[in-house]
Amino acid sequence: MDNLHDLAARLKKLEDELAIRNLAARFTDAVNERNVDAFRELWTDDAVWEIGPPLQVSAQGIDAIANMMTRLLEPKSLFIQLTHSGVVTFTDEDTAIARFTERERGKGEHDYYENLAIYRDELVRQANGWRFKRRFYEYRYLDTSRFTGAAIPLDPHVHEGVGN
Amino acid sequence: MDNLHDLAARLKKLEDELAIRNLAARFTDAVNERNVDAFRELWTDDAVWEIGPPLQVSAQGIDAIANMMTRLLEPKSLFIQLTHSGVVTFTDEDTAIARFTERERGKGEHDYYENLAIYRDELVRQANGWRFKRRFYEYRYLDTSRFTGAAIPLDPHVHEGVGN
Amino acid sequence: MDNLHDLAARLKKLEDELAIRNLAARFTDAVNERNVDAFRELWTDDAVWEIGPPLQVSAQGIDAIANMMTRLLEPKSLFIQLTHSGVVTFTDEDTAIARFTERERGKGEHDYYENLAIYRDELVRQANGWRFKRRFYEYRYLDTSRFTGAAIPLDPHVHEGVGN
């Protein structure tokens, strides 16, 4: 019943789905760790990253995308993105679309930011793996009211001896 | 050491687990996209969908379940469900139970809704794939106090040219 | 092109990644279900569980870890942990590091607790599967202000007839 060729095709399907889920997870990790180099590796060369209304901003191409990430994060003492479950649909062998449910909380010197949103994604398989061709952040809820609580400054001593 | 039959069995186990995780993700996506047709595809014909205390409501059968979804969502200008990690346990070849950690935020004309909960699920494999036989939403925390922030109305122009 | 040995290696990689993601999911499930026995099974014998500043506490060894879990949860009428997306990196065949984005909300008799954090993990493969060798909870945001809303007491009647 099983043959090697069929098994290989089924395995590839799982690998592709997990690679795309990992791409979204790596995006969130790069943002939360403020790792611009890791962030650059997630996109096709001509990718578009777009934040939708009411806080529109967008960038095309990896350099512009990396600059946008830095520009958005730099003024924030707190910025955490939370990526929840998502659905992935393959549109052909080497392309897919996906939607992930998102929440973010951020705080700058005088501004507050809490939201719920959907990332609407277009993905493409390159020789080096799956990449975002387009991410569109569709706000569903936005709150810029003051919130209580505080960002926790990182303690460099804590990271000593941590392999991670 | 490896043989084709063993590999096929191991692969099937991963496929089954991912199919069940995807079913929970598709539930959340259908709710957040307000896609009743997609929502209908998640259930066995005689499935039970039950919201627990203190806001009990339940439905049995796909039509009743779809009506319940519409009735719950229609009055809300905002409703987003967030599905977090979950655990899946196979009870035999074609049945499983699962628990997923959930959070929801909703807002109607005069009502507010924020909660933490556990979805306690029973699943069954059908010829057309894994389906929910029962979902029970167990509230752990409920807040119906007014919150700040606003739902963002969707801008149809934004979706032009978006393949997703 | 495909051979059995290569397929087995690719399959093992997916199994390992999913096993580690499941370990983090089982941690959250054990905490949310307050299941100490399930919690004990997640660690190596000499594991370290460490909560970082500003609420430092740590334990080494399974008994100390289980006691710490009980001590932290017991006074809380509400405690829910939300585990979001994560990234897993294999450092060699039998070891890995991971980071998961977390949020928790808890409430004791007179205290409130809401946070955002990163779990920084070290993992090791044992004969009985992947285990945490170290978990470090790095707070990024902490709010101990009073919040509205209430914990929902579990209704034992609800669980009657629920296979889960």
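Lettered A, B and C in written order, each chain numbered from 1.
Note that contacts are C-beta pairs under 8 Å (C-beta built on N, C-alpha and C of every residue); 3 or more make two chains touch, one makes a residue touch a chain.
As the structure is a prediction and not an experimental result, all values here were calculated from the model.
With rounding to the nearest 5, the Cα superposition of chain A on chain B corresponds to a rotation angle of 120 degrees. For the pair chain A and chain C, the fraction of shared interface numbers is less than half, so the two copies use mostly different residues to meet. Remark: chain A and chain C have CA centroids separated by 22 Å (rounded to whole angstrom).
Residue positions of chain C with contacts to 2 or more other chains are 4, 7, 11, 14, 82, 84.
Listing the residues of chain A that touch chain B in their complex gives 1-4, 7, 10-11, 14, 17, 52-54, 82, 84-87, 91, 97-99, 101, 103, 114, 116, 118, 120-122, 134, 136, 138-145. By the touch criterion given at the top, residues 4-5, 7-8, 11, 14-15, 18, 21-22, 24-26, 28-29, 32-33, 78, 80-84, 105, 147-152, 154-155, 158, 162-164 of chain B touch chain A in their complex.
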